[in-house]
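Below: one structure, written as structure tokens.
Labels A, B and C are assigned to the chains in the order they are written; within every chain, residues are numbered from 1.
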Amino acid sequence: MSAPILRAQGVAVHFGGVKALDGVDLSVDRGELRCLIGPNGAGKTTFFRCLTGVLKPTLGTIVFRDESIGGWERHEIARAGIGIKTQVPSLFDGLSVEENLWLSLRKVAEERRRQELILEVLDRIGIADLRKLILGRMAHGQRQLVELAMVVASSPELVLLDEPAAGMTDAEVERLARVILDLNSNHTVVVVEHDMQFIRMIANIVTVFHQGRVLVEDHVESILHDDRVRAVYLGKKNVE
Amino acid sequence: MNRPLMLVQIGLAMAVGLATMVLFPLVAPLYGVINATLYTSMAIFALSLALLWGFAGILCFGQSAFFGLGAYAYAIAAINFGDTTIACAFAILVPVLFAAALGYFLFYGRLSDVYLGVITLTVTLILFKLINSTGGDSWRIGKARIGGFNGIPDTPPLRVPFGGEILSPTQLFVFAIICLVVVYTFCKWLALTRFGRAIAAVRENEVRAELLGYNAKRLKLAIFCISAGLAGLAGLLFANTVFVSPTIFGLSMAAQVLIWVIVGGLGTFVGPVVASIVLQMVAVYFGKLGWIDPNIVLGALLIAFVVFVPSGLLPTATRIAGILKNRAGSRGRAGQALPGEVGERQVS
Amino acid sequence: MVLLQIASAIGNLALVCAGLAVIFGMMRVINLAHGEFIMLGGFAAVLSVHAGVNIWLAMLVVAPLTVAAVGLIVERLIMRRLYGRMVDTMLATWGVSLLLIGLTTTLFGNRVVGIAAPLGSFRIGGYSIGAYELVITLISIAIFVGGYLLLRWTPLGLVARATMQNREMAASLGIEPSRVYAVTFGIGAALSGLAGGLLAPLSGVVPTMGVAYVAKAFITVITGGASIIVGTATSSLLLGSISTLTTFLTTPVVGDVALLVSATIFLRLMPTGITGRIFRGAP
């Protein structure tokens, strides 16, 4: 259980003179549910972009399972088993919910099995009644759920969730927490989130990013009482 | 996508095709039949771009490059081998291979769609120049003289496979209509396959498609090659009705096909076919008038459609019909899709 | 001598690109009517010379002003409705291109008209080169140096660079984007007209001449990358040399092909153009 599924070492991304990431060391164990927090601009989303191949790190190595995925193409990383729900829902806006999900089931060869899985996943997320709607015309919170459903359906070994609760109603957030815990029962999950309320519902170990580095990594309750973390957030956001 | 609806559409297309190929030669004079063959080849050309631009969302300004290569490949191969069946294979393979080489640079270079348009246009214009400069005896491929701006007037006509009879104009027309119906059916079918759906995904959101594990570059390259092959087929039929000359690589050829697709409607297959036939008739009409340059008509049409009806006639008509129906029945739930609204493409 | 020829070819190429570079660099609009703007400049120069206007006045004043006027009309009637829709602007300018070809063919017929190049030629050793061609090269150097200084050191240049960098931001600073766009389109058109006027004595003028320029100009500007002046100058230098040398060794057609092929390979190696890699941040 404790073998790391993801190991990042000294990952840095420089845009011209700006260091968006400045040497991140992070290790996530198989089966873990890890939360990443930190003020805006701390580098969480940039780090996710490196993990999915959208950005190429300037320095450092990223090892997923036993392979270094540093220079890989986006689709190769996806096929290796990393799936992401991006911050701003990124979906196929001209297609229906069903069609979006169909596309995320690339690995499933048999057509009937795909149809079954679509219904199963939509039921689990609780949006089965929306399945004929076109994505481009849906509310933000609903779009978040659809993207989550797509990640669940594609069932990657490592699930990355970038601010999944943003723009959701309280009821939706609760449902989301249940879905994530359920997902974690057989997948490794890494979540970037701002909402501390939400983090307390799901998290165990929390990693705090600050200025492109890992500031501290500890249990969620210790993090909440850590002076450095408070200092980082001071004036920006109430920690509790 | 709705499978029964598609079957109805294909059935309809077959019926219309069958009726046309049986009845039209009975009522039309010979030159009418030859002209109709030309129009049919252009309709296939329009379909090739409808697939690439309308369905896959890849805007290629130089589709005429593949069309022209198909026509030239047919002519040169037919002169060299004597047998037209091998020449037909060349007419499709040469554009496909050319598209594969060009597409590798375009897609694997991650050039944005706008640059892609400019480069494909440039390529076809360069081909135009190259072929134009091949006058004289020294420019030949095997037995075939390329002939510079004079073209290849002695292109052998299509024969029944393996050394059979030469096709009569009417038989050629029937063959062209069969090709059109087959290509249309192929496009509709392709849109429903896994490959077709993956193409739609890449069109809608390339990064997302890649993050789901789809190899967007390879998919785009594949559809680019398929479309080039269809354009080559159109070129083959063209070479059998009008003789082959460099103007098929020219600017107005490249512009025409674009206009047919945008007028017919992006994302539809029937639209561009109908638009190509109607607009060719219109062009001939203006050509007969003589006092107005066809470029004026083409240019004005293109501007008018881009500014006022950017989604094309068929989707716009469908949308208006949808609104009227909705108003009459007001059955549509709030937030329910109206057909043909922005962001949605139906393949009809 | 060969060097002079190459310099002249580079000058020509840069001149042909200038108008396009301005419109593309500032507005991200791909103006496919660029070649026809050049053609109109040529016609304006030739017709006014035939009407008795001084040739320098015709080339340097009448041609750019005429085309600027046409450009402003096109911007007002068509482009303004389409900003932000890159593919649509491209299609619409192609429509404009066809329309202009059709109109000029109807008005002037499909034949080449021309004027004699002024200044004659001079000899170095056994070769001769037109003095006029050198003048063109000097003018195009002047345009690029002038443009660089304008963008780098004047308030107008600052506004222009700000708009290029970030449209929304510029708008929020109180710079009216639609005005900037209209002015830019006008200046771009004027430069194309100037190019057309200056090239008319060398190439002659015919309604369909634009096609030959648009492709070359585009590929050069795109290869140049984001910094319109430094980028276009560098890529003109590079591609101009390549195509002239190839032309010397083979034929002009192969020279054109060499230009395209090398540009395509450059773009494959550096998808963001030369200035996306080197000279970042220069105007």
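Operating definition for what follows: a residue touches a chain if its C-beta (ideal position, glycine included) is under 8 Å from a C-beta of that chain, and two chains touch if they have at least 3 such contacts.
Values in this document were obtained by computation on a predicted structure and should not be read as measured data.
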item	value
Farthest chain relative to chain B (centres taken as mean CA coordinates)	A
Chain nearest the overall Cα centroid	B
Chain pair with more C-beta contacts, B-C versus A-B	B-C
Separation of mean Cα positions, chain C and chain A [Å, integer]	48
Distance from the mean Cα position of chain B to that of chain A, given in whole angstrom	43
Inter-chain centre distance, chain B versus chain C - centres from mean C-alpha coordinates, in Å	32
Residues of chain B that touch chain C when the two form their complex	59, 61, 105, 108-111, 113-115, 117-119, 121-123, 125-126, 129-130, 132-133, 251-252, 255, 258, 262, 291-304, 306-307, 310
Complex contact set, residues of chain B against chain A	197-198, 200-201, 203-205, 207-216, 335-337, 342-345
Of all residues in chain A, those that touch chain B in their complex	52-54, 73-75, 78-79, 83-84, 86, 90-95, 99, 102-104, 106-107, 133-134, 136-138, 150, 154
In the complex with chain B, residue positions of chain C that touch it	30, 32, 78, 81-82, 86-88, 90-92, 94-103, 105-106, 208, 211, 215, 218-219, 222, 251, 253, 256-257, 260, 264-265, 267-268, 271
